[in-house]
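What follows is a set of structures for review.
Shared between the two complexes below is subunit A, which has subunit B as its partner in the first and subunit C in the second.
Our next item is the complex of A and B:
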């Protein structure tokens, strides 16, 4: 079986795994790998005290870096279902999965609100 | 008393003071607020935290790990057996997953 991404990474074991979650994990791994390079290029591109040509070259190099290395493409998905919408960051769960698990009693300290 | 008020330090002296103070306390000094990308260098790296989002695989063993560690116990996952059973039943009724397109 050929691994579908250019660099191999460990598939998450404690989250719901689907194609989109794998793609997101690939982006996270690549972001962590290239973060220092990207930060250096961003710094050079944004520093107004450097020559414009140097800044332009840094910006061009940054734009040619693969899109999966950028932080903006990463999405915090639901850990229980893999959905990307309506994810509560405190629980890393989609709203429906949060409701199901909370009503089941699987989330400590969460009960139906009434006051 | 009034002599103290008459001799307030000049703007240049105050600037020198601020510059010296920031060098002593290892702070940045940018009085004209020039955009020099310092905030990019100052920020911590986000990589490790971002990687941990879907959990660390080594934090807890899964059923598959136990199966590999103790093959003599012949552990059976009831959820997996149920899943395979209902898939087999659906296939009998001709309701299985459609064939994957090869092109």
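Our next item is the complex of A and C:
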């Protein structure tokens, strides 16, 4: 069987795992790995004191890097269910999972509000 | 100069193991073991006799004449004082030494932690301010009740974070350290402690530092160079860029 991702990486622990979570994890790992390179290339491309040829080369190298090394492809996902929609960033939980856990009393400090 | 340490969330980790001690002991023969047990018994008996012979006179300090009915004894001072607001010492110079910020979702816990800190400070001779309340944070979370798309019925949740602070004055750094380590030992799990320490140096502090010959900077500061700057240099020296410059 062919490995699905271009590089191998550790499966995230303490989180719900499904295909989409793994896909996101791959992007996170790759972004972390290439962050310095991307920023260095961006610095060269935007530095007006360098020659235009050098800046163009940096810009080309930046644009030919794989999309999964870019931060914009990363999406916050629910730790409990792996869902991507309506994730509360304070708790890293999807709205339904958050509600279940909050009603259950398993999120410290969160209570049902009424006024 | 300001330095920060955090004592709420297990920043300081220590490990302790008794495994090594057991290994060093090795095996004991049955006869030796019997001897050991005998010796221990004798020591325990001696200790017991000592306690019985020099009895400490019972003379507790008391505040009120309240007597616990079941015991027939007055309430000890330290227990009685728990009913009252903690005592504070007057400031001598008014130099701020440390600030402790408490954060918690439970107000009762924060008061317990704060008053404990103030009492400890009082008995260590550290003048403190009273337990001052800071702004309470309240975050609201409104979520759709249904797991599916029906967005009309919602449910509100909130999380309230209470904050309080104590300011300590006019104490030696050693005493402050002792105080903080005591608080760290008896910290509450539900309260977040954050301490801001203030240290005072003479005006020629920098010159004094320069004159020190065997000055070693902390290892944590070693090799702090911007990784991006290093990478930029590396890239510009690479073959792709060399031919363009």
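Structure notes:
What we mean here is this: the second predicted complex is superposed on the first by the 112 of 115 C-alpha atoms of A that agree within 3 Å, B and C clash if a C-alpha of one lies under 4 Å from a C-alpha of the other, contacts with A are read in each partner's own complex, and residues count from 1 in each chain.
Everything that follows uses one rule, which is that a contact is a pair of C-beta atoms (placed from the backbone, for glycine too) under 8 Å apart; a residue touches a chain by one contact, two chains touch by 3 or more.
This is a predicted model, so every value here is computed, not measured.
Placing subunit B and subunit C on a common subunit A by superposition gives a fit, with no clash between them.
Shared-chain residue A:39: touches subunit B and subunit C both.
Looking at the shared chain after the overlay, A:79 reaches subunit B, while subunit C stays out of its contact range. Judged by the touch definition given at the top, the superposed model places A:96 against subunit C, while subunit B stays out of reach. By the touch criterion defined above, A:57 lies against subunit C but remains apart from subunit B after alignment on the C-alpha atoms of chain A. The minimum CA-CA separation between subunit B and subunit C in the overlaid arrangement is 6 Å, rounded to the whole angstrom. Shared contact residues on subunit A (touching subunit B in one structure, subunit C in the other): 36, 39, 43-44. On the subunit A side of its complex with subunit B, the touching residues are 10, 12-15, 21, 25, 28-29, 31-33, 35-36, 39, 42-49, 71, 74, 76, 79, 92. In the complex of the two chains, the subunit C residues touching subunit A come out as 105-106, 139-141, 143-145, 147, 155-161, 190, 227-228, 231-232, 234-236, 240-241, 244-245. Subunit A contributes residues 36-37, 39-41, 43-44, 51, 53-54, 57-58, 61, 86, 88, 90, 95-96, 98-99, 102, 108-114 to its touches with subunit C in the complex. For subunit B in complex with subunit A, the touching residues are 34-37, 40-41, 45-48, 50-51, 53-57, 59-60, 62.
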